[in-house]
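What follows is a single structure, and I will ask about it in a moment.
Letters A, B, C, D, E and F mark the chains as written, and numbering starts fresh at 1 in each.
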Amino acid sequence: MRPSGRAPNQLRSVILEPAFSKYAEGSCLARFGDTHVLCTASVDEKVPSFLRNTGKGWVTAEYGMLPRSTHTRTDREAAKGKQSGRTQEIQRLIGRSLRAVTQLTAMGEIQIKVDCDVIQADGGTRTAAITGSYVALYMAFQKLVSLGTLSAIPLISQVAAVSCGLYKGTPVLDLDYAEDSTCQADSNFVLTADGGIVEIQGTAEDTPFRQSEFLTLLDLAQQGVAELAALQRKVLGL
Amino acid sequence: MRPSGRAPNQLRSVILEPAFSKYAEGSCLARFGDTHVLCTASVDEKVPSFLRNTGKGWVTAEYGMLPRSTHTRTDREAAKGKQSGRTQEIQRLIGRSLRAVTQLTAMGEIQIKVDCDVIQADGGTRTAAITGSYVALYMAFQKLVSLGTLSAIPLISQVAAVSCGLYKGTPVLDLDYAEDSTCQADSNFVLTADGGIVEIQGTAEDTPFRQSEFLTLLDLAQQGVAELAALQRKVLGL
Amino acid sequence: MRPSGRAPNQLRSVILEPAFSKYAEGSCLARFGDTHVLCTASVDEKVPSFLRNTGKGWVTAEYGMLPRSTHTRTDREAAKGKQSGRTQEIQRLIGRSLRAVTQLTAMGEIQIKVDCDVIQADGGTRTAAITGSYVALYMAFQKLVSLGTLSAIPLISQVAAVSCGLYKGTPVLDLDYAEDSTCQADSNFVLTADGGIVEIQGTAEDTPFRQSEFLTLLDLAQQGVAELAALQRKVLGL
Amino acid sequence: MRPSGRAPNQLRSVILEPAFSKYAEGSCLARFGDTHVLCTASVDEKVPSFLRNTGKGWVTAEYGMLPRSTHTRTDREAAKGKQSGRTQEIQRLIGRSLRAVTQLTAMGEIQIKVDCDVIQADGGTRTAAITGSYVALYMAFQKLVSLGTLSAIPLISQVAAVSCGLYKGTPVLDLDYAEDSTCQADSNFVLTADGGIVEIQGTAEDTPFRQSEFLTLLDLAQQGVAELAALQRKVLGL
Amino acid sequence: MRPSGRAPNQLRSVILEPAFSKYAEGSCLARFGDTHVLCTASVDEKVPSFLRNTGKGWVTAEYGMLPRSTHTRTDREAAKGKQSGRTQEIQRLIGRSLRAVTQLTAMGEIQIKVDCDVIQADGGTRTAAITGSYVALYMAFQKLVSLGTLSAIPLISQVAAVSCGLYKGTPVLDLDYAEDSTCQADSNFVLTADGGIVEIQGTAEDTPFRQSEFLTLLDLAQQGVAELAALQRKVLGL
Amino acid sequence: MRPSGRAPNQLRSVILEPAFSKYAEGSCLARFGDTHVLCTASVDEKVPSFLRNTGKGWVTAEYGMLPRSTHTRTDREAAKGKQSGRTQEIQRLIGRSLRAVTQLTAMGEIQIKVDCDVIQADGGTRTAAITGSYVALYMAFQKLVSLGTLSAIPLISQVAAVSCGLYKGTPVLDLDYAEDSTCQADSNFVLTADGGIVEIQGTAEDTPFRQSEFLTLLDLAQQGVAELAALQRKVLGL
């Protein structure tokens, strides 16, 4: 049995609150149970230098945790003077995931910077961040369309993410911290609403897992992402 | 007339939401109109090295802004690899303000780390941070008393803060961003509930101000802090 | 057809040269075609602080590229003053992969630091690094056994890695740079000799890939790792 | 009685030595008793990027202490790789104070960089720095007028600074280290020669002070600044 | 007797392997006994900003050691976030030595970046680096001539380097680590093939040495450099 | 003719002002013409970790330039966040030079930190720094003897330094900036009062120089150091 009493294929209570921020062009507070991630999408008129004069746009992401978003306080990265390897790994993942569903050539030379800040962490912050970021990104594009900067929203798929893992031998969906910290192996799945694979990060620090186990996790993730994608569409009014 | 339509001596709508965080020993979300600062107080069993074996405790503070808490996106300090001078100035101010009302010798060798993170900024983030931090700090001490670690709450005064400034020639209380960005001179006042002065930071980057003007601002601040202190007591049930 | 003329399921010419370094306790120069990675394993008597007095050991990894290992010169990370996100992501992957096959509780409080330095890069440096690191790590443990520090080699599986991807629509094994820079989607597979999954990193920056495509890549990887594992055993004399 | 034997409203022996530096466009060695601060003003033809093409100039300041300017050696900030929060707070204060009396729109796109380096410290380094910097800045503007770059000196007021505090219950002017390290509360006052307030930094880390005490300190500061301003005029030949 | 059994005026076995790197415009693996340094010369179309629009070129160098090139592992500079003083001192020496024999005005606005990476260290890495870098630099210039970018190789002398020292009272040539770590005084000599002095770095950390001893070392160095220069010419086919 | 009108073998006017600093255990302001370097020696009760429990002491040095010590302003290293390669090279040289004449085993586990800060620079700052540092170091040892911490001054030789170079073909002693910036080749000589060689740094960035020229420079340096050493003894009362 899961510590939370959830069924193996049951998501936590998920709330996506769009337009949470007063200033950002797009924003979403993504709550997966006690994991709360604020995602904002900011339009920047400058693209990275490698894209200048190419007519292409860019989407990038940054990730951070408030020092006391965690059970015990984590040192502030700004005070330490550098972002941890974990932070960089996560923000690169978020950026790649969003770019995989964006038609960069249809954006013009505009950059969207997505910030994912963890207000409270109870496992699965990177997958909540991706799920909420899609909503924020969509809204920022809507804004650009409404301003006439873009003629259409340059998103070619809908993306969401969830983690799955083996908890006491059972494959379960959407790990919370109590599960995450004790499970044998876990994977993060970034999938499109129609079942395409954007990113898979499977990690078995403790014991390697079998191919069949991995495929069960992938199936669970497909179910979970379908639910999340439906929720994204609902809050976006699609 | 003020952009917000407020009277010169009128605070913004202030909401102090205690116990906002699931994990922190003390916490408070301080909302001054559209300025929202999350303050958490974390107990650390280690004091800074200069206090080891002295029997004294310490209170310190860190401050940060989410990148899109501001009207246009601000670069993330963790990504830049250092905290700005402004950030350091503010977090040092918060720390000094809290220590001024704490009896460090009555804490034992314990450190409280207060984190003030600006979720949304509309002027006056440092004064909102101090006002909310007092609530978070008080709650953390309550927790230590309830655990038997401390026998009494080692706070000798109650502290809150507010900014005042000359807006189009008129002294006004609790500047919001529209006022702050255009006013001639402004001051941050950190005061105790009974009118003691903890910190004053008066700054006239544009034109020096007269002594009489400064004293009017100080009077306004005393009124404002009295209101804020009453609100702190209310949410703390005192 | 692949630029190199290889069959879809054909590895590059792979040479693992053990004991390449005069000083390191274990070392291996891993050559996958024109990709050359020097892997050294150094024994350190100190474990990270979180393991002190636990009786457990640790394996960690660092990764770097010589500035002109690449087609055009890459800035030196030591001169820039920080490791890139890519570097940190890779070295964390190598460390996790090695720890997944190591019985940390059987090592005593010893740390093995594995350094993977890319002398020349032609795609697949991280998978070559993992494959060579296993050899270096094994040798370092052999040395500790021969010195009597350990009674047995604390490795519970044999690990190797390879990348696969869709090149012009065809699933191919062991991507070189010409393929990697143009393929639609690629994945890095870290697998054990008996088919267990240690890490999977599937990335589709361009277009999401289908689940069936992904499974084909996983099959190719299983074949490739079987070959690599046989080569590891051969050079280790097992 | 004060440790130095001075009367409560008595400044230390103050010597302003203009043109101390062979190369700087303006310079002044400010000695307040045993506190010696070298202030240089350097003309830079480039303004910060936010002022480019605005026709406005800028004045900025940097502050540092020689490692053995203090009673015991302080670590060198250049070796530690960052400036402390205190350093940044002080240099921001100096810069704001000078800008408050400078007509930036009358400077053209020129920047003056003021460096304040503490050769020896015995309390009150920031106020000595401001007092000496005004002299250095004035001289640099004189030089620009003599070169025909400017038609008039773009200074609208004369600024100087002094600290005051409560020492054993008595309000005293111009604290030295022996007083500063034991006083209950102290304030730094940056004032114009005609009594305008440019900056006030009042700090009561130990015990909050009463409003009446604060006003007494402000009066003392007005007297002290009047003396310092007279000395500035004398060494500048005004 | 020397630990290696060499005669006092005998170099180690020296092998210069040109064109070691697949990508670099010029490269050389320099082996002085067990000291192995990979030198690559990369052509960069951009000169440093102080040379822009001067028509002059530049040659610069960077130096690094692989973490386990040494007897015990050295921390990775990229991970520490800065290059040591020793590293900077050495790379500045290499750059100056190469520029001393290059006619910068005949290069056009091109920069050659030389990277010297120590694969294995057994003393004398900086002198091996200079000796190998000359070969790499020559080859890069040959390439530019063959491409028609330059009309002639802009090198005015041939440079090589060797260290000498007093080992147990005897002056010896080309110190290896066993000698270097115990010798009283040692010097690095960077000389031209025709006996010109480019750089001398004599260091007596233990006991000052006599002028006559120093001159004997200089004579030994002249002999050693003559041999090294002949080898350079041989591998370059001159 | 030299720009200053000095004879080829003539030092600038040299003034060594001991006890310049109020706090440092030893100090000396070294003036070589317009080059002014403040040298302080601070006693630290802690040795570097590699010397702990060895009974040996250590002498180390740090070097810095005030931003406007130079003809045009140089960026502040503390603000840039790192010391330049030149700074590190110089401070390492000063430290080695002082250690070469100190009997570290006779110091006990004490460290002397020498700070050399350039107040004004007109060429030859590193040699002025070494010459002044010897005086500061001697005084710090005197202080330790007077306190009974040491029984005798643990200095085995007297060290001073001077630069020489070829200026318009003529070998000259003690280069000033006007000469240094145009000379073909220059060398820094750190010598003992009795003619021993501690450090030689000969550099010919422009054209290699002949062995005979180098020997002439060495002779000039011996004369110059003899004069400087006599001056050191005079100000130390020896």
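Quick note on the criterion: contacts are C-beta pairs under 8 Å (C-beta built on N, C-alpha and C of every residue); 3 or more make two chains touch, one makes a residue touch a chain.
Source: prediction; values computed, not measured.
Touching chain B and chain F together: D.
When chain C is laid over chain F using CA atoms, the rotation angle comes to 120 degrees (nearest 5).
Although chain C and chain E carry the same sequence, what matters here is overlap: shared residue numbers make up over half of all numbers found at their interface.
A straight line joining the Cα centres of chain E and chain F is 28 Å long. Inter-chain spacing, taken between the CA centroids of chain D and chain F, is 33 Å.
Separating the CA-averaged centres of chain D and chain E is a span of 50 Å.
Centres computed as Cα averages put chain B at a distance of 59 Å from chain E.
For chain A, the set of residues touching two or more other chains reads 81-82. Remark: ring traversal beginning at chain E, heading first to chain F, gives the chain order E, F, D, B, A, C. The touching residues of chain E, counted against chain F in their complex, run 82, 85-86, 88-89, 91-92, 96, 99-101, 157, 185, 187, 191-192, 195-211, 214-215, 218, 222. Remark: chain A residues 21-24, 27, 34, 38, 40, 42, 44, 62, 64, 66-73, 76-79, 81-83, 87, 113, 115, 117, 119-120, 122 touch chain B in the complex.
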